[in-house]
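Each of the two complexes below includes subunit A, the first together with subunit B, the second together with subunit C.
The block that comes next holds the complex of A and B.
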């Protein structure tokens, strides 16, 4: 039930045409090559800075992939009917998680540099860190990372694998299987992303702690992955590949979810801030003090307005969420803001008293993004554009917003 | 919308088809009563989008902004208190209350404006006297044509509705006459049960 200007009798495309598939993979490989060269140059110039830049870039693409996994799990958990096509696109994003595991290896190599506050020899003399050593020690840190990636890769490949199997057989039991795994998968996902947030981001300043921090990282993952989903949907619709199973109504629904998670991010971010601000305990307020020094103050304010106030006002209207350009523009904007959000979490550890943006940051971003994009592009180019034998296809095509 | 001539349909598809056909024949003031939202019905009836969001927006801004202003005036200027050495005008502490007041003003005014737009409360409406109309909240799909509709013609429109598959056709406020023209007259016991049911069910709300 598309609106009049999108009505077409042509069936949806099942696969990406060879030319677009080649182009997509070409772009991904191009980004990867440029990124790796830039990162290598950055390593030669300033390995210390590259380590932190790389962590930011690695987290940007990993949170997007994790947001994709979250979306897939939640659609099965709620037995959602509208999201059959978007689910496949999120399966592509979650398919980048094996690449993310590989991309974690440089973090392991850089770990004594990035996490020197608690990994260095001085930490042994720090009374607070001595108490935390049972959790915050290098060995357990690496073991935990292996567990997180084990959980994520298992879940991502289970859901994407069963979904691809259904493309061939059309077996309804596969849908039931995925639904059965969804509840424990939700728990595993929630715990693993929370502790990954603690390990990879919060431990940058090992004295500081915030119990809501994992939820904050998750909120960013949801916002960024939904932005990416909006762009994939818009791309496929504008190319005329999908117009029945994915139309203006689905675009509207994705817009609503994106809008909702933008508010959620602000709600969690403010909840973290207000408690620390109100309690006014030095070891807690230090985190915000670092991010209020020099031009970090500007970055903080840009996040407040750019990650919440402006997109909130832009996406408030129904018309905006259904509009190609407005939703697409907002999605690109939110992906930039998500990078800035991670930059704001990571880089004050390196750049005290003010932000110093550098070309090395670009290398740290493009190298992991390019490598993961090669995998995502391969999945998009080789598989079907939507689950072609999903039992909920008729329901998904008939979605309508009142 | 007064819905002077009513017609009952068994399925949402029949109702949708009837609405489209009536529109094609020049009927313009149509309404529908269904137990659940029927896909495509709003478009078929050519209903405009609700004005409610725009009417509520000023109250959202006023509730949030006004509450922030009140706190800023009271705590920051009129009667400053030193709370843990913070400046009298501390924006973070005003945010939760401003947010809550924005939600409260929006929700309350949303309900009140909605009632005003629907001209509620209305304690009695002749539409509920029509036999079988209680089915509109159960398993029947009713179509209403306003008396001011330019195409509405007593005598011919009833026949048109019947030809479109209406199982009952009735004028509001003319229960006795409706009974003659509708099929309900063949099932007096069922109709007799439904009418009191409609009154007792609708009145308490």
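The block that comes next holds the complex of A and C.
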């Protein structure tokens, strides 16, 4: 039977070899060390700026981890058969969530700086903020963050834990258990990411509101985590570790999902923009007004083309989605764009009249990313590269895009 | 072929449990094979008219006549026969329009989006769902066409160069609606027809009268079933699926713009586009379930439209209903969070004002009742799903009514507040649109293959090159063996 699979008779590797595992962890630790040093230097230089840079970096890695969790839940919800191996890789990403909880602590410390509009004394003189003080107050803000992380860590460890358990026992009942939790997990996930988006991003400008905002944050999480997934699969395939359970067909499928969510992000972003632009109510247009000042205008346009138009045209083709370099390049590009998207959401609160990229932003990014990467690398290095006893392995290996 | 296992015509169900993660539940039951599927489906179009069909058609046509009468009365008397007036300038008309357009969305979701996701279970329901789409869009188009009053000028909605230099307002989402809906109707009809060509050819080849042969012959466009024709067909199908997907999303997105681009509290909120799309799919699936529950029994298709198909659709109803509930919740939260007194008034007025009864009908029908589908027993019970699917349709009609009328009936000037009551013509027009829809659907069930014969065969185990056990030719089944559902 002619297939388009890369032909190889070797079995898939079950684990990373000791050397690569060590190297991977070494890189992660390196990034963490450099990041923390840069962030510390940034804190000494300009703590105010670092606070916002750190929030951007923290959200970048947290949304990627959350996107991983979403993917895992949805595969169980839909009883998907193609995605057995990618599911494991997304379990690694969602495994970073405990690190993200830890990484939230600096946000707590910085919160009076970042959210000074509604956390500081000036809020007491603001009539509108008084009305929403029942929601926007420091105590409830921290409690909610604790609830979100509680939900996420529970879900991530439940699914990853059952999945690892199955690696040992091969018990089909575990698949059923995960499938049973998936529907309520979807609900919990949807609500928690929505309100986390409201809390951490929307409340940067506490007067501004948009009902679609939670969906926008979710769309970014989906795009960025799928980009990361594409890179992981490309890496494992190119290293010759996986070629049966994850091959060109799975790469193609990940590419399709990435393409779909790029369009979804644009759809949600456009919906928010056009409704606010069209109605032209000052209290709403302010958000875009800020992002149109000085060179923020350039960033806005780069997002339009870089986060949608260009990747849309590039990934439209079947060949591109199946090609190592094109898909890999697009994935890296989308991860950069996701950072820029978050930067565009966060930084205008600080840089009012134009974007000023600074080395401190790099510290704000690399510190949380490095810390989370240490955890992700450890999961990848210590566990199996795919769920080796998943009951749907044969189905996943037989996937063909015809 | 030499290794082929003797084929059994026994039901293959017992061995496979739906929840077993190994293997998939078969999509075709009752041991139906290539030939018996054709026999079964083609038999509906070519065989004798079922006894109940004329009665059902008579009922549908009498409702259609109600529509004709109502519209005739409207044309002769003017749009004033409908109950809306300033300040409630839109009411049952747009409600009916959005209701029907929304229902159409499930058809495209099943035929195009589930195709892109290679969801094989779509094959036995896509044909009927697509037909439903087209008929629902036709029912929807009644409203804008007749709301213009002088219906013979309805073509003014299109930007046609004219000596008066009059153009439609290009900045209005209502005009975008004209483009979106007409494109959607055209592409859906083409998609549906392309899918039908091979099946029309089957009917042509089996036709027992000259008339049928000629009619189905013309419709099948000279289809000969060659390998090359199938290749082109598959390519066309893929392209149509790719085009229909953004189209269907754009339609209800633009419908939501009709309201959301305004500055009216209760209409202007950014979540409207995805929320309307989710609601449309929700209502559409409910309608598919309503129709399929009846059709699979009436037409003897229980082995093709199985409990698994119905259960999957009920799960989608649960998922999309919950998304709609999410949107209600976020709207509510944001009305409070905004600190905007007009926003919160509009929402409070919706929930506790004069139309509270409509709001709570909507919430119970759309959010509470579908939650019953969390229980497998309920999602696999025919009477329960039939009842809930109707409840959902009622709820989604109410949703549009609530959004439209409650936002309008109390504007910024309390002296112009009023309470809308539908006129008799409002009601008869709406009831009449069901006549149009059902008449077309009944004609479809009688004369067009209700199931995509070729596609269903493609999901038989025998058609799967990876299938180790059944890699034999399903033609091997004994001719004439029939299994009655």
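Please note the rule applied: the second predicted complex is superposed on the first by the 397 of 402 C-alpha atoms of A that agree within 3 Å, B and C clash if a C-alpha of one lies under 4 Å from a C-alpha of the other, contacts with A are read in each partner's own complex, and residues count from 1 in each chain.
Basically, a contact is a pair of C-beta atoms (placed from the backbone, for glycine too) under 8 Å apart; a residue touches a chain by one contact, two chains touch by 3 or more.
Source: prediction; values computed, not measured.
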item: Fit or clash between subunit C and subunit B when superposed on subunit A; value: clash
item: First, second, both or neither for A:128, with subunit B first and subunit C second; value: second
item: If touched residues of subunit A are counted for subunit B and for subunit C, the larger one; value: C
item: Contacts of A:268 with subunit B and subunit C, given as first, second, both or neither; value: second
item: Touching partner for A:398 - first (subunit B), second (subunit C), both, neither; value: both
item: First, second, both or neither for A:75, with subunit B first and subunit C second; value: neither
item: Touched partner set for A:281, first subunit B, second subunit C, both or neither; value: second
item: A:190 touches, of subunit B and subunit C: first, second, both or neither?; value: second
item: Subunit B versus subunit C as contact partner of A:175, first or second or both or neither; value: second
item: Subunit B versus subunit C as contact partner of A:211, first or second or both or neither; value: second
item: Subunit C-contacting residues of subunit A that also contact subunit B; value: 1, 274, 278, 280, 398
item: Parts of subunit A lying in touch with subunit C, wherever the complex brings them together; value: 1, 79, 81, 127-129, 131-132, 135, 172, 175-176, 179, 183, 187, 190-191, 194, 198, 207, 209-215, 263, 267-268, 271-272, 274-276, 278-281, 283, 391-392, 395, 398
item: Contact footprint of subunit A on subunit B as seen in their complex; value: 37, 39-40, 42, 84, 92-93, 95-96
item: Partner subunit A, residues of subunit C touching it in the complex; value: 19-22, 24, 246, 249, 253, 257, 260-263, 268-274, 322, 326-327, 330-331, 334, 336-340, 374, 465-466
item: Touch list for subunit A against partner subunit B, complex; value: 1, 270, 273-274, 277-278, 280, 398, 400, 402
